[in-house]
Amino acid sequence: MSGNSFGKLFVVTGFGESHGPAIGGIVDGCPPGLALCAADLQRDLDRRKPGQSRHTTQRRESDQVEILSGVFGGLTTGAPIGLLIRNEDQRSKDYADLAARYRPGHADYTYDQKYGRRDYRGGGRSSARETAVRVAAGAIAKKYLWERCGVLVRGFLSQLGPIRPRGFDWEEVGRNPFFCPCAQTVPELEAYMDALRREGNSIGAAVTVVASGVPAGIGEPIFDRLDADIAHALMSINAVKGVEIGAGFACIEQKGTEHRDELTPAGFLSNNAGGILGGISSGQDIYARIALKPTSSLRLPGRTIGTDGQATQVITTGRHDPCVGIRATPIAEAMLAIVLLDHWLRQRAQNGDVTPPTPPIPAAAPR
Amino acid sequence: MSGNSFGKLFVVTGFGESHGPAIGGIVDGCPPGLALCAADLQRDLDRRKPGQSRHTTQRRESDQVEILSGVFGGLTTGAPIGLLIRNEDQRSKDYADLAARYRPGHADYTYDQKYGRRDYRGGGRSSARETAVRVAAGAIAKKYLWERCGVLVRGFLSQLGPIRPRGFDWEEVGRNPFFCPCAQTVPELEAYMDALRREGNSIGAAVTVVASGVPAGIGEPIFDRLDADIAHALMSINAVKGVEIGAGFACIEQKGTEHRDELTPAGFLSNNAGGILGGISSGQDIYARIALKPTSSLRLPGRTIGTDGQATQVITTGRHDPCVGIRATPIAEAMLAIVLLDHWLRQRAQNGDVTPPTPPIPAAAPR
Amino acid sequence: MSGNSFGKLFVVTGFGESHGPAIGGIVDGCPPGLALCAADLQRDLDRRKPGQSRHTTQRRESDQVEILSGVFGGLTTGAPIGLLIRNEDQRSKDYADLAARYRPGHADYTYDQKYGRRDYRGGGRSSARETAVRVAAGAIAKKYLWERCGVLVRGFLSQLGPIRPRGFDWEEVGRNPFFCPCAQTVPELEAYMDALRREGNSIGAAVTVVASGVPAGIGEPIFDRLDADIAHALMSINAVKGVEIGAGFACIEQKGTEHRDELTPAGFLSNNAGGILGGISSGQDIYARIALKPTSSLRLPGRTIGTDGQATQVITTGRHDPCVGIRATPIAEAMLAIVLLDHWLRQRAQNGDVTPPTPPIPAAAPR
Amino acid sequence: MSGNSFGKLFVVTGFGESHGPAIGGIVDGCPPGLALCAADLQRDLDRRKPGQSRHTTQRRESDQVEILSGVFGGLTTGAPIGLLIRNEDQRSKDYADLAARYRPGHADYTYDQKYGRRDYRGGGRSSARETAVRVAAGAIAKKYLWERCGVLVRGFLSQLGPIRPRGFDWEEVGRNPFFCPCAQTVPELEAYMDALRREGNSIGAAVTVVASGVPAGIGEPIFDRLDADIAHALMSINAVKGVEIGAGFACIEQKGTEHRDELTPAGFLSNNAGGILGGISSGQDIYARIALKPTSSLRLPGRTIGTDGQATQVITTGRHDPCVGIRATPIAEAMLAIVLLDHWLRQRAQNGDVTPPTPPIPAAAPR
């Protein structure tokens, strides 16, 4: 209960279940004067939406978002922005037999334990369907950040099972259904996914998100450090099991001479920090990487128990993503953007602008 | 500004700089009736405090905590608990020459950029000295969790540079200054650290924290998921660059059949989830692992710039931990305990108790 | 920006403008298991909705609410409850000429100053239309309080201009369009209002809300005292200029011997405290009274300035309530209920139930 | 539990009991660069502190405040400001016999009911002693508002029992122990209070606080309206039973033509709104008035019950204020200042400054 809001000044509150009449949310705190229409949100919603390729779930949702308030004459007014997306393709019958058993690796059991009941249709509130609302809200944040702050938030698939991109080109990310930054790697991914689908199994993945153009000075120590809020935001995405900033877990084996990013008048010499020092942005690119688990919705039978405590098994016949990481890139971008705009506003509250007091240090080249 | 509180119902607010007169905090939301005295906090403060072995900083702080309010007749009253720790061993002269230059890898530059000024003595607010307050507050949470909820929060050093413990025994953790769970590994760690100190360098580390006895049902989707709040809490600790839950980043290469923790009437068959499904505790042990970067305070000179933007270099001659991960175990335990108690209270608000509605499933053996 | 949520555990977030496509909100934190359907909300919405008598605005809105989430099988699930009310009778042309001038006594000028722009159609976000969402959300709180906590929240019109009810009967409140607790006073009110309408003027009013059955122990000193949160909630209602608890402003001239509510084993001997001592409920009825200003939307011309700073005048020809206090009773009840349930949950978080540790003292007879 | 913080961006958290070792707090969110030292806080603390005249409690507390953090080189750093005031004159024996009985009109009974126990020494947490921390924190807000925003926050005693000031002069307020704005009224007040003390009784009072120089545009509809947050802040002060803004309760009998503050290019023609329209400051002076109840600590015996539920009586022999309203002026000023700075920062977050977009309208002459 009452954990469905995120942010302090740019606040996103969501509602909705996988198979209810609609999902939606309220964005409270978008500054006035931003040009905004539904099409601005639709672009990212379309990037996330299911059924875009054979590698994701075949559920068909147009994911058309309606802006219900907070915009007048094409500009935001400072009032809360109501967002609504009607659910369309609800094959609830797919889920009828899940009422009485717990899918392993899913939230069925924990929802029952927590709330004493659950909407079992398609996972109900625990379904990743709610991430569409994050993407819509994040699109507002991304637009403000880009148009008003010069901040660009982007992401890409950095690993899928054993496969890592062999090259890197931001332009390539938008050209394939995997958000993979390397054209050469795409056929590998397709072959891997096709085999996986035949096998009836699923696979984990990693997504990296990057914010460029963030000036130094964003973040609120000691508990609302920028990295801490990013970790909160990204770990709140379904299926995420790990978050790292900059060098991340690799820093365990680094020595101080290697890890510390030295400074020269020409700029930082590296970016192991991922653009955040002491919980505050340094002016370098902000890097975060997340690990997404393989979905537990499989055609291959799994042992489980029923709500009666007796042993049984589950085969998932519904439509599912064999790699939930594939559609996660726009979601992770959205959450990073929401955090950044929230903190941008918090910093602006401090001294009226976000211009650093002294000439900023140039950033290192992206890793 | 205003980022120094953590928690919603069990709220910890901290203050204090490395070389100011004192550090301290307020714990607001501890339920009444808990037996509590300063000695209860001192035990964990002593585990964290510097100068306990040759492998940590030689700064001498007794870290004596004073409870200023919220306890009457030996029991908490429900009123906020004021905590005070006077600073003692402040060799501010060590830092005088840091006023005019930015130590690479530290928050000197970002604090100046954010606030337009900084308390440069020992890192000021960005010093890990503030973590003593976390440990004191966390000791209250740990005591309540253990005595009232049957939850045990523990941690250990799971990696130091290239070295991982070769065995595992909870009893061993308290017997060595590294919080290492394997007695055989301790001499290795000592040799490694001695060489490192001679070299003048530093090294990263990993710490794992575990909560046992957490019933199913704790956590508040979708944004205040238990794993999201744990990630926030742990990433807010100085030097942490990554957080993972359960299988964490290893899940990237896992298939669904491997990752999903199957259930039988006798219990879960594995714990890749780290005790959390859909953001809610499953009744299994909760596992989280953090990566801590090597400190950037080194005797080895590093390139940097001065506050005038000119090139210069820094040699840190103050007293520092060559591996900040060593003292991080009690801090990570504290943050995990604070999150768990906060969420325990939130769940109690929902339906008056935290007893699951149906017989819980036995947990898997710890990994 | 970002001031559109109320509550800590039972959180209401609203959106919507007077003449946009819809208003709505999200209720996050309703405990699971409450029987709920749209009809449960409709009853209070109908009490508030315009056009119920000749004494309120003739705008016609059916105010049909749709529940979009958070209810499954007729019971709340613990997930957020999405609420949607489409706007229907939007005569925006009524307001076209208000784009360029500021109505005195309204928020036109301050919205422009704050946000740099405003939705001038019918007051936009500053219209009392948003209170329908409060009423819908409050109906959920009232239902929970009554069915699960035995708390009854009611209100009545305690003054309209110079007229106070001459008698008191709870049953009478629902029988007249004024929410007046005295049948004999109703013809007086009707005559007064008819004359006022002919005059083209408006009048202030007072509304009293009462919660019965609240056990002792609800409220969170020192800042979230129950009376402080009630004051916040009630003062946030459009047109409210004053809030008092119990004896309220009359206490200025009371002596201590008169004001203090003495206790005997048979109960409190009076209720000057309005059921709250030290910010915590005492078990007596909770009384709060609000003053509502006369609306500034009048047929009688008023001096004002245009957005160009030049002198002009305003005549309001749109449909308005000549006494906004008349429809305020269900709104004030809703806000009181929201505060009480929020604090009920907070108290339940403390020790798992809200049963006082010792036999409670009987309440005094209602004043 | 967990209700001891106030504010969103300028956050004050307090701790401490009447007869514990100390009271104190943390001010989190003060912008960096403000010149600040303990003496800046001491001035207001001295205005509030007991024993300044024969008309207030004779408890002797020097109320010396210590700043423990957040200030470096005489300027705030943006880090949280720790505040500590040691208790000195604790005659706990005065209260020993109150352990077993409930003083009528005090929070003894409700604290026991809520927490299951209470620190009965001098009222413990429910004592007005905690207001010293509010005053210290408020002094920081007042200083920032005055030096950086041009906002002046002042207050005065507007009524004591039946006596109202017969004239008005801001200069006079600081010249008498009552904060009375009329020199001629002071002898009346003295005579009244002397008689009251002889009688052993107490009396209510009203205090008015005024903020001048607040630009238009401060306040966050719809729930965090400026008036709503002011009501919250002021009602959270001990003994306050009512809050009104501008015309307040008088608006009940006002007609719209009388109440609405008309505008001309030369300015507003009146200020019934108390400087707030639609929850947003209008640029006029902000007026709020509070009613304070007479203390229930009397030499005259009162009927009550013991913790055993049996009838008994109470005579208060400790040192008390016969009119708590006398010392309330600096407390009310502090709370108003805290709200205003918090909202100032929130508005600055919106668009980087608090300068209205068009020339502001001159304010009406103070009422």
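Per-chain residue numbering starts at 1, and chain names A, B, C and D are given in the order in which the chains are listed.
Following the convention adopted for this analysis, a contact is a pair of C-beta atoms (placed from the backbone, for glycine too) under 8 Å apart; a residue touches a chain by one contact, two chains touch by 3 or more.
Predicted model only: the values in this text are computed from it and were never measured.
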Chain pair among B-C, C-D or A-B whose interface repeats that of A-D, sharing over half of the contact pairs by residue number: B-C
Chain pair with more C-beta contacts, B-C versus A-C: A-C
Distance from the mean Cα position of chain D to that of chain C, given in whole angstrom: 26
Mean-CA-position distance for chain C and chain A (Å): 38
Approximate Å spacing (C-alpha centroids) for the pair chain B, chain C: 45
Multi-chain contact residues (two or more partners), chain B: 1-5, 8-9, 14, 31-33, 78-79, 114-116, 125, 221, 346, 349-351
Residues of chain D defined as touching chain C within the complex: 1-6, 12, 14, 102, 104-107, 109-116, 125-126, 130, 159, 161-162, 196, 201-206, 215-225, 227-236, 238, 240-265, 269, 272-274, 276-283, 291-298, 300, 302-305, 307, 309-311, 346-347, 349-351, 356-361
Contacting residues of chain D [partner chain B, same complex]: 1-5, 7-11, 13-17, 20-26, 28-33, 66, 68-70, 72-73, 75, 77-82, 84, 114-119, 121, 124-125, 345
Complex contacts: residues of chain C adjacent to chain B: 8-9, 31-33, 78-79, 221, 345-346, 348-353
